[in-house]
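Report on the structure given below.
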Amino acid sequence: MTEDRTLSLTAGSGLGEDVVFPSPGQIMRRRMARHVGFIFGAAVLILILIMALLAPALAPGDPYEQDLTRRLIPPVWQDKGTWEHPLGTDNLGRDYLSRLIYGSRVSLLIGVSVMLIAGLIGTCLGLLAGYFGGKVDMAVSFLITVRLALPAVLVALAVVTLIGGSMTVVIVVLGCLIWDRFAVVLRASAQQIRSMDYVNAAKSAGCSTRRILIAEIMPNLLNNLIVVATLEVARAILLEAALSFLGMGVQPPTPSWGLMISEGKEFMLFEPYLITLPGAALFLMVLAINLLGDGIRDVTAPEARS
Amino acid sequence: MTPVLEVSRLCVDLPLPAGMLHAVRDISFQVGQGETLSLVGESGCGKSLTALAVMNLLPQGARRTAATLRFSGLDLTRASEAEMSRIRGNQMAMIFQEPMTSLNPCYTIGDQLEEALREHRPVSRQQARERAIYLLEKVGITAAGSRLRQYPHQLSGGLRQRAMIAMGLMCGPSLIIADEPTTALDVTIQAQILSLLASLQREFEMALILITHDLGVVARVANRVAVMYCGQVVETGTVREVFEKPIHPYTQGLMDCIPVPGKTPPGQPLGSIPGLVPTPIGQLFGCSFRNRCPRASRACAASDPDLVELGPGRAYRCLLSPEACLGPARAEGR
Amino acid sequence: MNRPVIEVQDATKTYQVSAGLFKGQLPLQAVNGVSLDVAKGSVLGLVGESGCGKSTLARLILGLEDLSGGQIVLDGQPLARLGRQAISRRVQPVFQDPYSSLNPRKSIGSIISLPLRALKIGRPADWPDQIDEIMAVVGLAPRLKHNYPNQLSGGQRQRVAIARALIMRPELVICDEPTSALDVSVQAQILNLLMKLRAELGLTYILISHNLSVVEHMATRVAVMYLGRIVEEAGAVELYRRPRHPYTQALLASALTPEPGLGLPETHLGVAYPNPIDPPPGCTFHPRCPKADRTCSTVPPPPTLEGGRLVECHHPEPL
């Protein structure tokens, strides 16, 4: 009789009972599918990633192979261009398309490595400062202030001048320099989260501090962390390009987009493609990363209370 | 005497991704001069949205329709935004729950009170200041002159709420809508603020709509009450009538839920209303209380009951007769 | 022998707060010498308004904060000596806000089983059954295990919080305003649940609330706090029938019961709640007290124990 009553009163509802609230994961996936910036950014980055991974297969030639008889051939859409070198050749006769493709490897490698190092340093500092407060916070805040007072590029230049430039040096130096955004953002988030009742409940349930940091606080920081990480990859790539342009980053003959711009600047007036092509590549990659970062932030925005 | 505010068949719809949310459905009520009407209900019943609808302060995308929405003879359904701005804060004032967020922390109390008046009347700063001091003293804030120069964060919760009330009174409104004015305050301050509101209402002959979820407040302060559930009014009447003889099963359930010292046997389980409030999204039919009602039957799913008038101002929304509603509930396990 | 589940002995908690730019720090006595015993199986109601220190006291008992002075003895041992884990097995909280007391990134099953996993109680293989069992006890459908907090209503979330608190069968449950953020009808459900669980599982509660009607209904003993001290303590029935301290009287009078025709109470309280950083001298309640005289403004009243009732007042209502 009770079953009967339930069916007749609520089945097919008219009471809005079939409205099911989706889980956070479902909400996120739904938002992702509709966010134009996210999709564009992700698509472009995936293409660049594929390009970087499959570089040996995709590049028509060897990016290091010089042929002084074929210097400064313009790209295929200009007259005198040829399909043998679709994007032309540079000052030393190296195929530009191949250098561009291999250059993406350098940018991605440096960008991601720097982000990982800086992320590790910044997250630890920010998390500990935000959670413990007090003296730990004072110390970390001091470190952040000192770091922000130093101009990153100048410090990087100084270090590289002393040690000499190479990919490893660039990665380590940049990684140890640009952790500030991680630290600042995560410190603020951790402070906000530590006052939530579920952290108190976890403490009362007997969780050790380590467990609370890793299992209760970190998952709620991931959103912010991923957004900052994405944007820092872009920042690292641009910093590396700047350093390489100044001759203090990756050393020739490694194909780095920044280095390609530097090498091409002497020929800027008559062979502008030498700098516009790597410039456009940098622009596109950083744009895609920024759109992706913005998209992730929009997609993972905290749920309003239902 | 013409009522100060007359509302009939007010509806508010909010488009959501899951469908159209019928937040307020066919609400009708009126308030006269010097009268206190309370809209009481739990969260999600639409009482706050009703107030916002009257003032036309609904969120973006919300749709409001009403057969009648008349304020002091003025038809609000046809009023433009400019006309509404002239009425809000002027003849119709609203007092919110959280004084900390409804007072701008960047401006002094004095600035905000004076602005409330000078926005609507061509008075000098001096005159506005005098009125502000007069009203601050009226609401029981001592040393009003120096308080004017203070910022909201320098006042306690109770004082802030008094300042908010003073701000609402600056232009001498004929209607005050108070949305949970004392919920965020301590118990002892609550009684004081409510006394204040009641005495000010008597003195200035205003109409008061008191929106709350606290039945104790309603019983002690209001003259008439409209009980809301799931966007509809399910029972209306004077406070005496509704509290002493609640007809609608929801009202009865609510009364049973509240422990009354001296009357409810301590240690015994309280009456409760099982189940959850439904969400009025999409196509609705039948009585919205039926899944929690101890007196529900098949007929309740078939049609949405209309408001049944029992007398002037006394009505309830149920298919059953008043006698059936007041009789014993059917046995468990039915 | 009936040893009390917990004994609070002259507990004090002082915070240092900044008094303003360049003005250094001032001490804020959130809890100022509180002594309590909670007998096994009883419900101690702790009432008071905001700023009286009841939530701080709750955190001290839970071991979330350290005492500045005094002792709290749980099961015969001072809290400071018991480790985090030992305290957790005996005392668990239910917090006020069902929206912030559950980690939004964890599933319900994971939230409820947290104490088991943190304290490594029992075998992991048994945990799913224990989760199901406690969910049934608190009235939650087991299929909700895989849902997330944002998919549940306020009442359901509070049930999850209760399930989490009870899964390891603690002795003492601290309920800090467990129903204040809930609707009236849901409130009744949760209160009934708490009462049922107390009977079935032999629990002891400390119920903190500003809702005097709820406390009167559920508590066996009631302690009234004002500015960090307990100003009156008695059995629930006696306290409500015959409050002795003027503050208790005002508090009880201010509770608005749904009885029409009684109008609004005149509490004669006057001035607002004092600033805890700068408490009034003598009896801290004297600026607001209708009975205050010279003694009250200079001499702090000593606690007097009469007939099982504690009161701190120079002019209490006679027994």
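First chain written, first letter: the chains are A, B and C, and each begins at residue 1.
Following the convention adopted for this analysis, contacts are C-beta pairs under 8 Å (C-beta built on N, C-alpha and C of every residue); 3 or more make two chains touch, one makes a residue touch a chain.
Small disclaimer: the values here were computed from a predicted structure and weren't measured.
By the count of C-beta pairs in contact, the leading chain pair is B-C. Greatest Cα centroid separation from subunit B: this falls to A.
Subunit A and subunit B, compared by their mean Cα positions, are separated by 51 Å. One finds 48 Å separating the Cα centroids of subunit A and subunit C. Averaged C-alpha coordinates give centres for subunit B and subunit C that are 31 Å from one another. Not a single residue in subunit A touches at least two other chains.
Subunit C contributes residues 59, 62-64, 84-85, 87-89, 91-93, 95-97, 99-106, 111, 114-115, 118-119, 147-148, 150-151, 161, 164 to its touches with subunit A in the complex.
Against subunit C, the residues of subunit A that register as touching in their complex are 20-24, 196-198, 200-208, 211, 216, 219-220, 222, 302-303, 305-306.
Every residue of subunit C that touches subunit B in the complex is listed here, in rising order: 49-50, 153-156, 183-189, 191-192, 195-196, 210, 212-214, 216-218, 236-237, 240, 250-267, 269, 272-273. Contacts from subunit B toward subunit C in the complex involve residues 42-43, 156-159, 186-192, 194-195, 198, 213-221, 239-240, 243-244, 253-262, 264, 266-267, 269-274, 276-277.
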